[in-house]
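Each of the next two complexes has chain A plus one more chain, namely chain B in the first and chain C in the second.
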Partner chain A sequence: MADRRRVNGPAGGTAPPVYAQQAAGFQNTRRSRMRGPNQIRKLFLKTGLTPSASGSAYLEFEPSLGQNGVPGRLSDRPSALKLTCTVHGPRPLPRSAPFTPQLLLSAHIKYAPFASRQRKGYVRDANERDLAVHLESALRGVLIGERWPKSGVDVVITVLEGEEDCLEDEPFASTDSEYSRSKGLGMMSVLSGCITVASAAIVDAGIDCVDFVIGGVAAVARPPLTNKQKAKSRVKSDYAESIWQILMDPSPAEHEDLDAFCVVGYLQSRDEVTELWVKGNTPNKGDSQDQEETVLDVLTDRAVEAAIAARHVVVEAFKESNKFRIQSHSPDQG
Partner chain B sequence: MAIKPASGPTPLGASTSATSPSPSTHTLSFPAQTFAKLAPIPFLHAHLTSSTGARRPSGRTPSESRPPNIHTGSLTHTSGSAVVRIGDTAVVCGIRGEILLTKDVADWKHPEISSIPQEENDGTRRKRRKTEADEIARLNLLVPNVELSTGCSPAHLPGSPPSDLAQTLSHRVLTLLHTSQLLEAAELRIWHHPSSSSSSSILKPQITEPLSTSSNPNNPTITTVEGFEGGGTGDTDGALVAKPQIKAYWTLHITLLFLSLDGNPFDAAWCALLAALLDVRLPRAWWDADLENVLCSPLVSESTRFSLNGLPVPLTVGVFSREDEQGIGGETEKKRAKWCLVDMDGFEEGCVRETVCLVVKGEGDSAEIVRIEKGGGGLFGRGEMRELVGAAGRRWREWKALLDGIRGDGSGDTDMG
Partner chain C sequence: MSRHKLIKQLDLEEELDDYDGGALYDNDENQGISPEDQGTFIIAIVNGEYRLRQGTIRVRDVLGPGFEISDARIQESLWYYYYDVEKSVNYLLSEQTSSNTKPKQKGADLKLSAVDGKSDLNCRCHRRWVENDYDLDFGAFNDPDVPIIHSVTGSSYFKPDVMSTFFNDAPWCNIPPGRQGEILIEPLYPPGRLMGGSSFQGDAKVSKLAAIAAARRMKEDARSRSGTVTSSVALLDKLGNKMSLETPNELEMAPKAATVKPLNPVQADTSKTSRKYPVRERGVLNSNTPEDAIPPVESIISERKRDPETFSIPIALPSAFARTILGPSFERAPTSGQDGPPCDLVGSPYHFFFDVADAKMDAFAEPSPDDVVLKAQTSKGTKTTKSGTGDEIRAVTSALGDVAISEAPKYKSKNLDVLAEFKKTQIKPTANFVVIGHVDAGKSTLMGRLLYDLKVVNKRTLDKYRKEAESIGKSSFALAWVLDQGTDERKQGVTIDIGMNNFETDKTAFTILDAPGHRDFIPNMIAGASQADFAVLVIDASTGSFESGLKGQTKEHALLVRSIGVQRIIIAINKLDTLSWSRDRFDEIQQQVSAFLTAAGFQPKNLAFIPCSGLTGENIVDVSTNVKASWYTGPPLISLLESSEPFARALEKPLRLTIDDIFRGGVQNPLSISGRIDAGSVQIGDIVITVPSNETAITKAIEVNSEPSDWAVAGQNVILHLANIDPNYLKTGDVICSLAAPIKPLSIFTMKVLAFEHILPMAVEVHRGRLHAPGRISKLAAVLDKASGKPKEGGKKVRIVKPGSVARVVVEVDEPVPLELGGKVVLRAGGQTVGAGLLE
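Here is the complex of A and B:
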């Protein structure tokens, strides 16, 4: 526990503040989704923020400012994904490393201690390692690794602000099935952001790639049920008939009834998917297996569409930074 | 840029004279970066002794520091946050207030707090500050950690324990927080007033207290004290009143993440910390006797900000020196020239052994030296120190203008992205 290399807090441990909700006279409500089901959140991407690294990028999502955001409160402020990524390399591997004919990629993802509502530690946890493995597999397919034998590249992502699975005041580790269903969505959006930002940083570093690999998320959602429907839907077969819809780029703060979500890493120019991760149950429209597959297909297609939409931003960011680079270099050459 | 004409002839002459017998200065030409990599010290020396006046490779004069830039309040899950950039060094500071219950503190003794006299003279204030700083240090209420393994520079890659630099930086920040007595323990205490405990779960009588006193928000210390004294005297009628107790403390978990590192990490980290401290809003907190826990009010209007004990601002200077072995013209007198480089970048830090860090509050005659750190050599003398105090004062004014702007522009909800 006591890490001698860091400054440790009080030995007895500290607890995050507990807000008095009822006393304040209003309740936290979920922000509702204001954009259409096929619309993704606005994103901001900038490359070249860390000059000492070979390549770097910063990505930020627009915070979900629904109609229910309450101003003047400390506890319920809209959060948005904020990621920085640096790429170091390609550089020679140490002499002790065994021979590799390809570029050796290693990815690190770390949440900042203030990235989520619960304070994170300084040492990577299992979730962060899991994300890094997914990111590695998404990126490995785009790098043209044969051009750098015996060398390695490090992709380091710091999550300055993550996405939450649940609202501020909901119990964090609750076993309530009602919302544990949409648990894990935060991690999916983070992965999708990581794929996009890492790809931008790799291109900024000038490492040869097949294409940009862009992350996209989609989810199967059910519209909020009325009480009557809720009572009925306890029976499993009824649930099958309830209407579901597929949302692109869902924000965890906006939805509670999500059944399944899917994240892809997509290369548009080759129409390839380098990473596919699906969680949850896709609704079953009938008894036949075929139809279940189609829901999954639609879900994946929507995730790909979300990736295509995000790609425009990445391409524009690069055009901008290249223009800037050319302008700043031309007087030197002339 | 200015690099080419300044660097061209001299480093080339210096390096070729060592390797080849015929120094033909203008036939061979490498870009400036190549010289900087191959022979950093002669490269820097050539810049500083250039005929057009001493300029550093970045184009600054030796006494010129990089202009800082602050952005606060962009992180959601923090009580206060700031991003500070100095040149290519960028630091994010996030502060989270968490609650330490006094029952969790081993052998905790309630501090003896005499009610603060309305007119405090300098002596008593200094004494109170001292005891309060001791209280903060004893309870470990300030927990700063510097994180360099964010890929901020190729020298600090993740996957290993914090480097020596990260450890020393954390420690220097911590000691400066304590020795500068920046925060008062009074602002971190969470009180329990037994007299009003019966009504603590209902907000109404509680809410009136801070609202009535919040008319003078410039001094939250007095607000707290008045709050408890007023509560005590207001409810005294009849019943015997137990003394107010400290039930908990705010603990500040301070994380300093370097996004990009290009020299002068301590100045950047400390100023990010200052900016974030100015941005902090701690919710009003009270002890709920029924829940046996501390509850906080979610209203921004009831939250408090810290009244910092001045704004101590550091200035780090490196002393670069080089013996002129043989001047180019052949004068063989051994001369040791030195230059004080203010606010060094990463390249200059690699060429410099002696560094001095001065922390000051105020400037000119009213300047107060908070701390002096010096190491690595004996070239930095009394005269240089006097100059440095002046430079640090100017730097302090520059930072103060920026830091004052943090609270100037209102609620801080305005800036996103």
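Here is the complex of A and C:
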């Protein structure tokens, strides 16, 4: 007699796929960055996806292709960020809530359980809460909250596919100094995407904002040293002039040797930054005597440039959605 | 005169020529300084002249011999640039080219002189600064106070030379109107491009100022693109050209134009290379070299036009996943036809956007709860503040009337014609009967037997009662427990309050009202009897019990039900099984009781006698099979009950319902009342009024015999679920009336009373149904003749009313009671019924 007290699996079960770790012919290597240092990855953004929410948006990054533009094997494929954001509100606060003169913003970021190689739990962990705090501070600067007293707005982001710091074969919590230096980049680039998608969703919801706030990431990287440079670097300090390089929108899968990264939430039309988060050590500039601008300045600037570039995508997405709205409102369009 | 006009009318050439009197000015200035200062000043001047000469030579070297230019001009530009050769050369070159290319509107001479004049002014300004603190800060040049005199009313443009003496001949506080200046404070315009401002040029309508600013920006852009002119040079350039411009606005804009951030040409070049996206300009704030001395006031970045060749929007195509969630036809399908929705949007997520658009917007579509309350408060406030004249009062009262109407129901009345409904439904005739008799006559047991035999109470329940009764040693009370539900009643073996139960036969629906027999509970008996149509008088036939009963409550009950209005009475002679069905005893009792009842006012035809036994159940539902009882050939009790004629109901009269009980009828019905409808009808949604509290309530629901009903009519025992009333306003004995015709509560009334005891002017309790109120007999008006109903012994004052006689008395009660004309009232005093009668 069958066991009735348990929920049993189907009769004909399947075994989960197991991938060979070192298949012949494949070198499990990091991908190298195919685009220029000043180029960001391509984005895809769509607004108004979720009908039940006041505003919503979907954002994804184009996955980086393999060396010859061919995607590698499945297990090897680097993650590409995919985010959905729903905005609920502005809605009246419950009667039990105390009076607020401004719009009460609350942001939630949750990784889907399948968003990363390491399965995520259903309860929000510290990283997710940290990201939510950063997102909240980025968004609070753009909302004109005074126009919505006694109201609240919930920004809910689900990370469908997250960026990860490591490949499958690499140890997750490595003590290797080289690796651990670029750890945390995934989170940064998720935050940048979250800021952009949340801003788009808020605008889609029709909540009063001063501007789009767009996320941008930049990193300080050391390109692989040529022999000549190596010789030079032995003589001089570790960071001679022009050895380090600043990359816009680094993908964690493509870089292993990053020293510092920076994410900004940037308002282009006001030239304001609502969120700035820097991790790592910025190297000194080669000629240390007259530091007009530190590397940090340059890094921040590049992050802002990345945001400016991403902004165009957001603007295009809204142009498209507005076009549709106008078309569907005009009576002669059937 | 507006300043625009004034400035338009200025003859610039003439005005500026006046400035050439620099020598005079210098003299004036020099007079004011001390010899030491003069000394240092001279040194500075000498030093400056030396550098000026050196600079001129170097400039000439750079420009080469082919370049025709006067020494004065070179010196002047050197002055301006603080002996910086490179910048001066730049300036002179650009000056030369622009003067060559410009169409000569007013002639080169004019322009040149204008430039000269202006430069002179600059020099003067500069010198003043030298005097003051030897600080060669060209920022002072941008001081808006110096070159711009906003407005002066009056015919002549005043000259700065005479400025100090301008007010000399004017009396204090009495300046002639021609010379009064008009102070124009520039309004605070919102800073550009914040919330509302659009940074796009073109399609939107822009203000004049913004248009000028945009034009300026465009010009600057073009200039910076040419790459040769730095902005500080451009500034000088502008100042040079300005004199030829006619628009006063442009003149006004000058100080603002001067604040344009300098752009180092080298920097600009580097920033333009190697960047793929439009780049934010970084403000360079910390440069101390004099060529950058003009501080960048606005740090706002200018949005540069993006270069279409090098820049492409990094927009990606949706991934397979995105295509899946966006719908199958998201990728642009080839256009199939002309009509139909725009093809590229078919299947896009915006399809359902508009279905839900309205739902989305709903959150704040309605006024907020606060607004509703505020609105209500304000409207109420305005209503109440209206006062004074009669018209207004009338308006208010009519408005209040409206309010009373509008307050009505969420419980919708079906507006039934209840009487028609009642006639339509051929329901069984209903009858309420009260069971009366002396204590321990077996009233409850008889009724319990009746219900048991009619299968209203099942055997199982009765067995349970039997077992429980045996356990406390009262096995014979088991049947009585069917009606005696209270714990006190069961413990003491005495009915205390009215026991109610329903049963139906084939013909009639009955309601039993089991009255308590004990004399302490007469008020409850009165309450039960007032709901009854007829009565069943139970008499204990056993020896001694009958006799004591006839003196006791048998008599009192019979009189009471008669005076309350019961006309028909069935006399059940009980416990005959203990007397082995003795016919003699039955006849004896029948004789005595019929004599007494007839005397009490019952008509003989309305009396029916039946021998029975409640305990054994003979002659109750079935005729007795006992041979000893075979002498009785009449019908059993149930048949006698059924034979009672239907009673006329006061259906047409306004609603009257005396509240029998108030209770919580459940969660949904927090306030329910029960009682018998004495007159009229009621239906769901009716607004009723309670007397004496005079509060309105809405009939939310009606139950008749535990069945929900839409309406109820007189004669029915009903439960009304009320709404919109506080339970404090209700108490048992109050009367529920229709809103149209409520009872007027009385505090003093006259009644015709049949005396059971001696009646004096004394304190009495007034009973009517459940209602009992303390009061007193204040006056004995007259003793009446029983037959004719006319006052006996006219004129003589009545001091006492003897038992059995009829009198007219005046009764006062402490608090008004809901009594009506013709109401049957019982008067009791000291635990005894002293009289009963009708209200007159």
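The criterion applied here is as follows: the second predicted complex is superposed on the first by the 273 of 334 C-alpha atoms of A that agree within 3 Å, B and C clash if a C-alpha of one lies under 4 Å from a C-alpha of the other, contacts with A are read in each partner's own complex, and residues count from 1 in each chain.
Methods note: a contact is a pair of C-beta atoms (placed from the backbone, for glycine too) under 8 Å apart; a residue touches a chain by one contact, two chains touch by 3 or more.
Please read these numbers as outputs of a predicted model, since none were measured by experiment.
Enquirer: Look at A:60 in the shared chain and tell me whether it touches chain B only, chain C only, both, or neither; answer first, second, both or neither.
Expert: So A:60 meets both chain B and chain C here.
Enquirer: When the two structures are overlaid on chain A, which partner does A:80 contact: first (chain B), second (chain C), both, or neither?
Expert: It touches chain B and chain C both.
Enquirer: Applying the touch criterion given at the start, work out whether A:114 contacts chain B, chain C, both or neither, answering first, second, both or neither.
Expert: Touch status of A:114: first partner only.
Enquirer: Is A:8 touching anything from chain B or chain C once the two structures are fitted on A? First, second, both or neither.
Expert: Touch partner of A:8: chain B, not chain C.
Enquirer: Once chain A of both complexes is superposed, is A:38 in touch with chain B (first), chain C (second), both, or neither?
Expert: Second partner only, chain C.
Enquirer: Go through the superposed model and pick first if A:316 touches only chain B, second if only chain C, both, or neither.
Expert: Touch partner of A:316: chain C, not chain B.
Enquirer: By the touch definition at the top of the document, which applies to A:51: first (chain B), second (chain C), both, or neither?
Expert: Both partners, chain B and chain C.
Enquirer: Looking at A:16 after the superposition, I want to know if it touches chain B, chain C, both of them or none. Which is it: first, second, both, neither?
Expert: The first partner, chain B, only.
Enquirer: Contact-wise, after the overlay, does A:210 reach chain B, chain C, both or neither (first, second, both, neither)?
Expert: Only chain C; A:210 stays clear of chain B.
Enquirer: After overlaying the two complexes on chain A, where does the chain B footprint on chain A coincide with the chain C footprint?
Expert: The overlap between the chain B and chain C interfaces on chain A comprises residues 44, 49, 51-52, 60, 62-63, 80, 82, 91, 160.
Enquirer: Hey, which residues of chain B end up touching chain A in the complex?
Expert: Answer in residue numbers: 1, 74-78, 81, 88, 90, 92, 94-101, 104-106, 139-141, 143-145, 147, 149-154, 157-159, 161-162, 167, 170-171, 174, 201-203, 251, 253, 255, 257, 259-262, 281, 283, 285, 288, 293-301, 303, 346, 413, 416-417.
Enquirer: Which of the residues in chain A end up touching chain C in this complex?
Expert: It is residues 36, 38-46, 48-49, 51-52, 54, 58, 60-63, 80, 82, 89-92, 144, 150, 160, 210, 269-271, 292-293, 297, 301, 304-305, 308-310, 312-313, 316, 321, 324-325, 327-328, 333-334 of chain A that touch chain C.
Enquirer: Which of the residues in chain C end up touching chain A in this complex?
Expert: It is residues 193-195, 199, 274-280, 282, 284, 286, 299-301, 303, 313-319, 321-322, 325-326, 339-342, 345, 348-350, 352-356, 360, 363-364, 368 of chain C that touch chain A.
Enquirer: Write out the stretch or stretches of chain A touching chain B in their complex.
Expert: Residues 5-21, 23-25, 44, 49-53, 56, 60, 62-63, 71-80, 82, 84-88, 91, 108, 110, 112-117, 119, 122, 154, 156, 158, 160-161, 332 of chain A touch chain B in their complex.
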